[in-house]
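In the two complexes below, chain A is the common chain; its partner is chain B in one and chain C in the other.
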Partner chain A sequence: MVPVVIDFQTHPDRYRHWRLRFEDRVARLDMDVDPDGGLGSDYELKLNSYDLSVDIELADAVQRLRFEHPEVGAVVIGSLKERVFCAGANIGMLASASHPLKVNFCKFTNETRSSIEDATKYSGQRYISAINGTAAGGGYELALATDYIMLIDDGSASVALPEVPLLAVLPGTGGLTRLVDKRFVRRDRADVFCTVEEGIKGARALDWNLVDELVSGSAFEEEVVERAAEMAAASDRPNDVDGVELTELERRFGDDQIEYSDVTVEIDRAAKVATITVNGPDEPAPTDAAAAASLGADFWPLRLARELDDAILHLRNNELGVGTFLLHSRGSLEAVVEYDRFLGAHSEDWFVREVLLMWKRVLKRVDLTSRTVITLVEPNSCFGGFLAELVLASDRGYMFEGTLEGEEATATLFLTESNTGPLPMSNDLTRLETRFWGDGAGLERALKAVGATLTADQAYEAALVTEIFDEIDWDDELRMIIEERSSFSPDALTGMEANLRFAGPETLETKIFGRLTAWQNWVFQRPNASGETGALRRYGTGLRPDYDTRRV
Partner chain B sequence: MTSQLVDYDSLIPNNVGLADDPKLRRALEAWHPGYIDWWMSMGPEGFQVADVYLRTAISVEKDGWAKFEFVKMPEYRWGILLAPPIEGRTIPCGEHYGEPAWQEVPGPYRAMLRRLIVIQGDTEPASVEQQRHLGSVAPSLYDMRNLFQVNVEEGRHLWAMVYLLQKYFGRDGREEAHELLQRQSGSDERPRMLGAFNEETPDWLSFFMFTYFTDRDGKMQLEALAQSGFDPLSRTCRFMLAEEAHHMFVGYTGVARIVQRTCEAMNEAGIEDPYDAEAVRALGVIDLPTIQRKTNLHFSLTLDLFGSEESTNAANFFNAGIKGRYHEDRLDDDHRLVSDTYPVTKLVSGLLRPVEVPALNGLNARLRDDFIDDCQGGVTRWNRSIAGSGIEFEIRLPHVAFNRAIGEFTDIDVSPTGKVLTREDWKAHRDGWLPTSDDKTFVETLMQLEVRPGRFAGWISPPTKGIQNQPEDFLYVRLP
Partner chain C sequence: MVPVVIDFQTHPDRYRHWRLRFEDRVARLDMDVDPDGGLGSDYELKLNSYDLSVDIELADAVQRLRFEHPEVGAVVIGSLKERVFCAGANIGMLASASHPLKVNFCKFTNETRSSIEDATKYSGQRYISAINGTAAGGGYELALATDYIMLIDDGSASVALPEVPLLAVLPGTGGLTRLVDKRFVRRDRADVFCTVEEGIKGARALDWNLVDELVSGSAFEEEVVERAAEMAAASDRPNDVDGVELTELERRFGDDQIEYSDVTVEIDRAAKVATITVNGPDEPAPTDAAAAASLGADFWPLRLARELDDAILHLRNNELGVGTFLLHSRGSLEAVVEYDRFLGAHSEDWFVREVLLMWKRVLKRVDLTSRTVITLVEPNSCFGGFLAELVLASDRGYMFEGTLEGEEATATLFLTESNTGPLPMSNDLTRLETRFWGDGAGLERALKAVGATLTADQAYEAALVTEIFDEIDWDDELRMIIEERSSFSPDALTGMEANLRFAGPETLETKIFGRLTAWQNWVFQRPNASGETGALRRYGTGLRPDYDTRRV
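And then the complex of A and B:
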């Protein structure tokens, strides 16, 4: 069997499941899932139920709205299906999917939900859900990710999280957490809500704060348009500039490599390693924000972010055997720092702001990737400013000390203000703050290193890298570290890394991802959900699932 | 056949391409001064400026591994010599059986291999430290020279292990190499890693017992490591084994000469009862029961060095292919042992009897059993010498469960013949089985320096022949 390669690149022209239209400063993103358009052939995406193919289009739409539509200040997520908003993740897909596919599916959908919240909060693009019928499971969770939930009051439309009573799994895209942590639904009510298969409708849904507004059937469309227009009017996004088109990525897939313009991925399946090299800029940084926008998708930081994001998604979903990412960079550190300064200086501009926000999301994607990430800072590498975040995002960082024989270049690292604020992790702390959690002196020492070209010694002294090795040790040490890593249990590594990466307080996001990993992925493995007589397999057969009744 | 390029000109005889390996050279250069400091402060006390007739290995060829010349010990040419590679050598055991032997450290086994090498390396300087005071009470120049030969070779064996650490284990390896010079035998702060190497070697009887029994554990460990799938370790150990044989020769002949002298003296004095310790000791020789008690002690302490009879570590080492069995390459089985068993003596319902355990977990016991077989030969020859002089006495190796502090028998009291005892019984008999403070005091009274050429202390016979067939009065050590 030839494994299906999952591609995360798409375009509105090719959407099978969503319709995007624009009304002045409001975007209408309507779900109209093609039942036969899923990735798998053994399930039908009925009633706007979704699989990864639906979510890839949603993620693409959210991304394009930010870049291609500076004028859009509000986005309404609706449905083109009669009396159905969205039935959530497709049960047939969940029942037949392999465990890694389920896990990757849930992770990606969660990242997309987080990006919707991020757009609302930081991009001036507020999301509204217009629930015209049943919003069940993942359907209601999608609504929970929006900032304002409007529910049609037609006597039958309801919101529901029926996973526990119906499927013996959990709402997997943050539903439980968002109920109590975002919408502040009282815990006992939330408990009741999550065990009522048919969900809650009308006045009670409003009373329990499951929705923000109840609208009668006849006024629904009108009210939605009005609310969206009000919100769009309050946006700080410019109404008078052109968007930046997210053009097709340049990429070439080989058997064991992928070539992008600024990213190269080399895959060594035997060693279980992917070597990812990011390239610095070829051109100097533009002089003003308009010049950056006119470069469009070729503006180096944007192009690099999109390519790196695509590479990570590709590896995550299509190269399950690759356990370690080795991150290299190549280029002029000065040029990178120049770009970084440019981004910092123009962060008020809508486009530059989007580029920075994109980098924030890509870096979070790295944080949330269940692969060992090792960054190598070598002579001619260019980890500066936002690129230096890759060093801080990795499980271990190694830096080359001294020079290569016969060459002059040394490895250097450069921190900027980009490392002290604009690119926080899911825990809302910078990677430096997380790294030095509980170590104020350490953080202060690292902050003092901001703005200076750091040699290996200095970077090690500032505790920014794990170890420094000179030419004599470099190859051997790395070989052994990688070989040793590859010999450990991938499951144990995933768990260990996820535990160590997110020091500090919990946030909505860390809870969602942490609990997804700990609870949902556990429940997915249990026979009560996925066994022959478990709820996922028995769903739709008329037979009741047969549970092992022992509590664990 | 690979040619062995030995750098004769350099300070360090080697066949590892030291001259062309800047990484290794730099690491060794950093380590070397610390080693010399260690040798000066912890090596043979009082004889650092003496010229000693020593054997130096300068190559691995037949005529190169034993060059005899007078040398001051601190100027000894400690070299790095590996046995010649065996073309096409494969991993001799475990799950990688039959795959090409590793020429680089396999990453997944890095920590395991390093631990093995560090433990082996730690024993080498330890024995030098344990023996550092013995020169001043040597019974002859011949024996003094043998002691120093053993010492410099233990030093060279340390170099061999340090070479592996520095060449193959990067920074961690260099740190471990440094640590090997920091720990000290018997130190409260930083003792050596294994118990027996923190015991003192207070007298020459102890030294001979140590070289006979404890160095033989070293031999067995080297034999097992010579069967490693990590080829540089295998080659290093194969070369070390050639030198280790000399140490055991020193131990075997040392005890044999003591036994011979005791028997002669008893015959001359007409004493027939070997247990009449007072009469025998009055002759200025060591009574045979004392030799038996020392045998009991050193043998049982050495058994502890093999580790627990049932061991997960041993199973892991073998299965990983980094440590084989004694003569693994000559054994005729599947070399994986996954479904085999091995009989290990255990206490079952109050009796010591063999119990079949998974063969992988029983590998320490197996190596120990091979060791016991290997020990028996010399003991038999000592007894032949006793019998030849008409005295009724036999030196016996005690039971494996006797006087053990590690493994199956830690918590039980067992007689030398293998009878399980009550604590009271043990206490009542202990002084008959293990050296007493009286024994120690007596042996110490015999320890007098004898440095006149051709003369030997009264408690030990001269050897049957000299080193390199030198005459009996040869000046093996030229004192300043």
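And then the complex of A and C:
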């Protein structure tokens, strides 16, 4: 039994850092970080500062609000600490964390903030920040991910991004990008704001569009309630149906494997490979949306999405040596396509919409995972519709040509409307559009393949897979490809994949995960931040950091 | 007298690495790198591999072709080495270079490649690569910056990006980005291509769109000549006028200053500041384009652009400790605006077009410089039209309110049509559009200020400057701002500025200078690339690199 170092599964009953309560159609998600509740023992989470343990609960809450609370149309993020909203990422944690840990921490927090924006935009759950005091660094960045920022006007409450002056790192959880690209703060004001350690408060914060509303202390709670109620009332979410409980995942951890209901992970640490197999459905698709909801967390597409998401997060954070994910699927392609059609036909239903939105996020998680992803389409695999996105999300796709000796099944691939719209990447293009960026004829050819059962030849012809191999070559070729991949520098692969995966236009999200994150990763490695005399290490010691003043 | 470590001024007569010749309307720019001609003494530039010295000559050639050869409509980049086009950046140089040197080297090579694309797109000089053998790494990336790639089909010539498998770094001179975003190579093919050490040749290179034409060995030279002649014939450049010689810059280097004709640089190393003053014109603007051309390199806007460009490059590469540029101007605002109107009125003329295009590139160089840029608008300054772009290009702009004691002059600012179109940033927006990204009302207000002499109050009202100070506060405020800036970590500032300067959409260029460069800078710091047992250090030793296999 491998000890699970970081587990992304939790439940409101077990939260140590957040309190979730409900007032009619409004959810109140209050931060109340337990200083001793962090993952590490060498730092204290004072003043609502956070580490990954805090963000795992936040991600869980955001997820549950979508599924378990169809009635909730607005979510207020607040704080239970007096005069403190959130002090941002814990500095002791950042100072002591290894580079991979820091990078993984930032990626997950960024994904969670994107999921908040996704809920606001697509799920009818608008997020509001109720800033009752200091919102500094990651604390203000959390607010930036919400749709409406209310700041108490008590003469001291402020928003701040003090990372540059104080810590020699960037406001890297989307802060820099959201300032100029979401809140449209003028670049010179953004520059000033990011260098003012103590932040900006009151009228100036409003004037610079750092917040949306300024409320006097006595009226604060009342105004927050009112604003949230207004937003909730405008939501398209149903007020009269039951939610779907996200029950505990069935997981069994072995030394080098994880077994979920519909996902199996086999880890080969010597080869640096994890083989992830997703299973098709056992039951036929339901007949209507209500029947799907009544299956709850056992509705196959939802169960599979949650399990795959958990598996990816587990591997990302607990198996750093695994450089390559090999994705397989097993099951009835017809049954998958039937489910896929069901999702498409009922996408207006709140629950089905949530399931599709969850798949969108899981697939983005694959796109943003800094591991090589290779998908294998084999006889008896079931990559159809939304599952076919796993082929398109991979760095390379290989398909088996012909049949296995003595068997009849051939490998087939099936595209549906799910591949042409509802599951865009972070760049807001479909994976097909990204794949054929600048190649209109290629895109057209691929679109013509929608709705047809594609053999290896046909999938290759439509440019949907990288290469096809028959039984004679399959094992050897794949072995060589995987061995070769494992021989390369993991860092070079990470940089290469991050650049090749996202052709075409950029969005807030791609800017955050591409440009901003890359700069932050660079800064995290600089001695001025992380060295013995760097700002992260020196913070709180009373000593000033000692900088190499050369500009690079 | 400070020794000039790296000088960006050169002349074809002094080239050690390139041969420039002319055939009617076609220029042939042949690479013939002198192995002993590099900047460093600890590496040899074999097989047309390059260091900064090679790129300085290339940049010079590209620049001279535009100004000195109006007749040239196509440029063929070739090689004089047998069966070798270019082996890319020299690995010994990369292994021994300091981090700042590597980063500055990459930035300049990237700017040069962008200038090649700019000449093709806007200047009527189309670039062709004639690949006569191996084009590897930076060699193929150079070809990617040209508009048309011809590959000899001799069974061995190939194009390759072997950085990832061989050196554990990225094809960071635009390679990864141009593959998927310019040549529209499918992402899985790009992935395969970037991991095949020996590259791809012949029909497959053509099929994957890695090259535009495949030519048999015997017909190669003939086909290259023919293709170039066709392209030159389609150029809109005049065939019947004299070029403008780019005469040697007048420069005097002192211990802590540089004096050009129209630019003065004062360096305060203790304060980590360089004060750059640009001077307005001494003479009135010419009456027609021919008169401007007859002034040649002494045409004030051209002379100033060249001097400012050289000053920035000098500071970037030779004064790493200088973290802040303070930009001043001095002269007659009316005279500047008169020149600015002249440029606008004659922008169809080939020479005036080149001057404007040069200003576009110099201003982009400012945007892409990893130093804080602060512009000061004072009494007797002359920021009008294209010079006002220096205010908009800066991280912060400060303007003097009122008059100096006992004097009459006030600070004024003047926007023209030059600020609303012809000088876009790398993101393809004007600096005004970027400044007011997402703020249509703000942009409109600023556009209404075009054509008016703006006082400090008015400029502040139009949100064109960050802050205005009167005589009482001016010196103290600026001193504090500059001191504060110099106290911050230079790395954090670099990352912050790179993210705040480019709001809005992204382009090939911003992706290269933002995302790709940031990842490359990150990779350059990783032990897997640059450490004692990393790939760069181990290359050529017979020892395999020893990688930390954890994915970050």
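Methods note: the second predicted complex is superposed on the first by the 546 of 552 C-alpha atoms of A that agree within 3 Å, B and C clash if a C-alpha of one lies under 4 Å from a C-alpha of the other, contacts with A are read in each partner's own complex, and residues count from 1 in each chain.
What we mean here is this: contacts are C-beta pairs under 8 Å (C-beta built on N, C-alpha and C of every residue); 3 or more make two chains touch, one makes a residue touch a chain.
These numbers come from a predicted model, not from an experiment.
Chemist: Please work out whether A:519 is in contact with chain B alone, chain C alone, both, or neither, and reply first, second, both or neither.
Modeler: Only chain C; A:519 stays clear of chain B.
Chemist: Would you check which partner chain A:551 touches, where first means chain B only, second means chain C only, and both and neither mean what they say?
Modeler: Touch partner of A:551: chain C, not chain B.
Chemist: Which partner, once the models are overlaid, touches more of chain A's residues, chain C or chain B?
Modeler: Chain A has more residues touched by C than by the other partner.
Chemist: Where does A:476 make contact in the superposed view: on chain B (first), on chain C (second), on both, or on neither?
Modeler: A:476 sits against chain B, while chain C stays out of touch.
Chemist: Check the residue A:484 against both partner chains and state whether it touches chain B (first), chain C (second), both, or neither.
Modeler: both
Chemist: Report for A:466: first if it touches chain B alone, second if chain C alone, otherwise both or neither.
Modeler: second
Chemist: Counting only touches as set out at the top, which of chain B and chain C does A:428 meet: first, second, both, neither?
Modeler: In the superposed model, A:428 contacts neither chain B nor chain C.
Chemist: Once the two structures are superposed, pull the chain A residues common to the chain B and chain C interfaces.
Modeler: 484-487
Chemist: Sort out for me which residues of chain A touch chain B in the complex.
Modeler: Going through chain A, the ones touching chain B are 467, 469, 472-473, 476-477, 479-487.
Chemist: Which stretch or stretches of chain C touch chain A in the complex?
Modeler: My answer: residues 99-100, 103-104, 163-165, 167-171, 176-177, 179-181, 184, 186-192, 194-195, 272, 320-323, 370-371, 394-397, 434-439, 442, 463, 465-466, 484-501, 503-506, 511, 514-516, 518-523, 525-526, 528-529, 534-535, 545, 547-552.
Chemist: Please output the residues of chain B touching chain A within their complex, sorted ascending.
Modeler: 22-23, 26, 104-108, 110-111, 168-171
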